[in-house]
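Below are two complexes that have chain A in common, paired first with chain B and then with chain C.
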Partner chain A sequence: MTTSTFVAGRGIVYLLDARSKLLLVLLLCIEVFLPISQIGLWVLFGGVFLLAWHATGFKQAIQPIRSIAFILVVMTLFSPLTDRDGTGLLFIGERLILTSEAVTNLSVLVARFLSITYLCTLYVWTTPMADVNLAFRWYGLGYHAALVLTLAFRFIPFIADSFRMIQDSHALRTSVEFEGRRSRRQRLADIIPTVTAALVFALKSIPYTAMSLEHRGLGRREKRSSFRQLKARGGLFTQLLVSVMIPTVFWFLFTTL
Partner chain B sequence: MFEISGLSFTYRAYGTAAEHAPVLCNLDLTVHEGQSILILGAPDSGKSTLARIMCALVPRFVEGDLEGSITFQGERIDSRGPWELTDRCTLVAQNPQEQLLMTTCADEVAFPLESLGVRRERLVSSVHSALHRWELDRMMEVNPQELSGGERKRLLLAVTDAIGAPVWVMDEPFDDLDEFWRAHLLSEIEKKEGTVIVFASRYLEEFRGSFDAYYLLDQGVLTAGDEEAIVLAFDRVSDVQFSVKSTLEHVPEHDSHTLVAQNLSIVHPRRSVSSTEPFTLRTPDFRIASGEVVALVGPNGSGKSTLSRVLCGLDPSATGSISFDTAPCDRRMLRSRVGYLFQNPDFGIFLPTVREELGWSLRHVPALAEEQREQLIEKTARLFHLSCEDNPTTMSYGARKQLQAAVYYILNRPFYIVDELDSGVTYAAAFEIVSLLRSRGAGIVLITHDSAFARNIAERTYTIDNGVVKERRLNV
Partner chain C sequence: MKSPVPEKMTALRIALMAVLTAVVVVFTLIVRVPTPIKGYISLCDVVITFAAFLFGPWVAAIAGGLGTGIADLIGGYAQWAPLSFVIHGVQGMLIALIARVGVKQGVPGDAKLPAMIAGGVVGMIVMTGGYYLAGGVLYGFEAALVEIPLNLMQSGVGLVLGIAVAKAVLKAYPPVRALAIH
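Let's turn to the complex of A and B:
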């Protein structure tokens, strides 16, 4: 049950302390929902994407977009239909399809969604899970609550990993002298058994995880010690200060108030 | 130390045929302090259940009815939580995946020590030295998910080593380990100043004479005896003795095929650590023909599964080519010609009955009429000792492996790669599965750490040595 979200890479994001990075991510995520200009939101997304690219490489950095591509397409197709204000840009016959305000709102919506996705993804990519746990605890979360959160972080990629293995297994079973391309319907139908098997696999792992946690001493009365210690280069206060300053500067540059 | 008296255990809803049949019946066992005991039992004989009961994990996490009493150091074990035994008794599970919790090897070893509140200086040195002793120090920051099966088992042993509990309960600890690490583990068991209880079904010849007491667990009953008598009795119940190689039936004439991989180079980095030297495997020349049984052996983490994934078209190679009957073969073509039986059968099983599971594989074979399809399913189920209406998720591990093999048998692939087939099933069952897959002319690549099994079943062997796959002729 241990699939980490951590991806080894390079750059300043790996050097930042998990606590200050968490503060920075939280503040920027909140800021995304404040009155920030459209340009500001895209600058934020662009900046985070470039950081991810530099840290982990383009192939890795593009992965979140591929994962959420379906949602982005749905947003692009349907959210403009609900916006009727502004100058009409596209008509089918007499029917108004697209307005200037709908385009602006869609752009803001997509930029917000991408920014939050990349901020959170970059945090878990560049912070070892044990450090994430320690950061949560430093902010006052109890050990058990922090453990539950970090296990949850791991459980999702675990299912994804199992899904890939099961998909491989099914790909070998279904390729019976079948050299042509499968129809979209067939491919969609093939996903259902894979998902079922992945879910069964994941559910079966739950009692074993609980078994192992208790066998390894979770529940004992002693105060837990810690193998890892968080160390902030240049001092924690300085890093926390920088984590507050970045969103503040960003706010003053791009606020629409 | 352990006092077990009249212990019986029955799983609730364990399979369909064996429902309500007890896994353990009226067991009595006394383990003294400092004793090392070996309990032999065929796969699915209840070894893991007994090991978990001894560590207070069953029936706490698995529904079942426990009768009788079990005391550990004078205390009834059912009145204790598993966490109370952390520093006194450590379990090494047969399947390492069940016990791994953390996202780096170092954190995995550290977790129980943190629970015990070990002071940081000692904790850090214990983690480093345990990883060093099991040669995992270079993998400190690697995600256990990225390790090979054998490396994961070593990680569990490093955890056990670091905790330093006076009692070790080890469920098939030699499984997944290569010869070197099996010898290493045996020497650790012999050196151990404490109590060791080992449950095993394989590699008997390697650890004969190393234990103080011997038991046989068969049909839920535990029998004590001297080593010779127990090993002989175990041979009888689990068909451990091999038939000589000549008993692999002669394969009747079928279409003859060859699979050849030349100048393959496989490279993949570990995701969790930056490394200037990613894992690399070179295969200058690998070939197999129809009807052949070829063993692929190598140390833990040498790349056996990596090569297998490329040979069956799941992963690409960096350079080189694979040809089928001299014609170049792309990944899609390979997937329909080379079956890969994963070590874990659960990756491929998902339907509610054996009949549906076998039938699902045939749905892309349009030439088969409904009646023929049913006949083929019934015949295959009979050959693999399966009942068509059984539910795969509640079947035993060995039966699930049989089902996995049956699924591929029905597909009639020209070649099969079989990963650690002998783990979790008897030698006789493994031998039978290989014979059945080969009976229709298929060539078999067998991945195993068991040299005795490989010697008795394979005609040729490929070894992986320092990142290079080479052929080694067997002198039988």
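Let's turn to the complex of A and C:
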């Protein structure tokens, strides 16, 4: 099981520091809920999409749309039905189906959702997970909390492999002739032994991990290990300033206030 | 019961949270049960409920929140990560807090069945309601309605299997009680 979300690519997004990028993503995600014009929201989505396309290629850049396609279809089908304000655009017989206001509201919702999706996705595509953790550390995440995060990432492939092995060994006990006859309830009940075994296996590793941590010096006054420091190209202050300036300029260009 | 371990971040607690977080990620991404409408539900709620019944509110909140958040990041739904962190974190915490009412000794998993079910039901409401609100803010309350039945089913399965698995683990691996710091 791969835990990395990093996609190798090119462009300015890879040069930006994890901390300044995090600030930029956060500010822009907040900004899309402020009074911004419909055009502004689509410009933002277009810009982030083009950035993703340039950085990772079209095939990769289109993936988030595929993953949210179902929600986009549901939004298109259901959201306009409850919006009755504005000029009527579509009627079936006497019944009003679509209004101009509903189309505008749907457009805003879709652009906002796409923008947030692409902003967050582009961040995890272009920032190694270790740097994300370090960025959180810089913003105040405690040493122990960061350690939990780091350890969890180390354990995911190990537990995933163990679970698959346990699942396979349990599957060997099931007779093939009864495979098709089991009810849904029975199949759900069949999961319990596998899940229990997998959990016991994972729980047994906890005391050993705790001992390893203590051997590595956890809890001692004199620290024996520390997290590495992130380095920002061109200075962190400059990058943070740019991260604040982009949403500010965007606000002045597209605010509806 | 007074915990034998001081209320601070010990190596054991860090290891416990890290391993359970990883288990939540694995159960969210790998272990999936097909639904009648040709979709899938994940078993993350099983681990969250299990963690709440065995390890108390803080471990359940951290493992549940962090685990589902990481799963969203890895699974390609990064926009949901902060929301999942909060929703599943609160879900795990409330399940443990409600289930352990009346338990004077032992883990919340030693509680009577009605208390465990009450905790689980509150967890179901928090999870389903939380995702409905979050979905409503993100893409409209009409579209967010579609996810309610699936979330109810997922958290319901999580409650039933979570209780069964917690009881089974307590029986199969009694030393788990020694890990239960809460």
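Remarks
Going forward, the second predicted complex is superposed on the first by the 169 of 257 C-alpha atoms of A that agree within 3 Å, B and C clash if a C-alpha of one lies under 4 Å from a C-alpha of the other, contacts with A are read in each partner's own complex, and residues count from 1 in each chain.
We adopt the following convention: a residue touches a chain if its C-beta (ideal position, glycine included) is under 8 Å from a C-beta of that chain, and two chains touch if they have at least 3 such contacts.
No experiment lies behind these values; they were computed from the predicted model shown.
Residue contacts after overlaying the shared chain place A:Ala202 against chain C, while chain B stays out of touching range. Using the contact criterion defined above for the overlaid structures, shared-chain residue A:Phe163 touches chain C, although it does not reach chain B. Of the two partner chains, neither chain B nor chain C is touched by A:Phe136. By the touch criterion defined above, A:Glu214 reaches both chain B and chain C. By the touch criterion defined above, A:Gly9 lies against chain B but remains apart from chain C after alignment on the C-alpha atoms of chain A. In the superposition on chain A, A:Ser67 makes contact with chain C only, not with chain B. Contacts of A:Ser225 after superposition on the shared chain: chain B is touched, whereas chain C is not. Within the superposed three-chain model, A:Val148 lies in touch with chain C and out of touch with chain B [touch as defined at top]. With both structures placed on the common chain, the touch criterion links A:Arg173 to chain B but leaves chain C unconnected. Where the contact sets of chain A with chain B and with chain C meet, they give residues 1-3, 129, 154, 193, 196, 200, 204-205, 207, 209-211, 213-214, 218-219. For chain A in complex with chain C, the touching residues are 1-3, 5, 33, 63-64, 67, 71, 74-75, 78-79, 81-82, 109-110, 112-113, 116-117, 119-121, 123-124, 129, 144, 147-149, 151-156, 158-160, 163-164, 184, 187-188, 191-193, 195-196, 198-200, 202-207, 209-211, 213-214, 218-219. Within the complex formed with chain B, the chain A residues making contact are 1-4, 6-10, 128-130, 154, 161-162, 165-166, 168-179, 193-194, 196-197, 200-201, 204-205, 207-220, 222-229.
Note for the complex: chain B touches chain A at residues 52, 55, 57, 60-62, 81-87, 91, 97-104, 106-108, 110-120, 123-124, 127, 141, 143-145, 159, 270-275, 309, 312, 314, 332-333, 335-336, 338-340, 342, 346-351, 360-362, 364-365, 393, 407-408, 411.
Contact residues of chain C toward chain A in the complex are 9-12, 14-23, 25-27, 29-31, 33, 36, 43, 46-47, 50, 62, 66-67, 70, 73-74, 76-79, 81, 137-140, 142-143, 145-146, 157, 161, 164-165, 168-169, 172-173, 176, 179.
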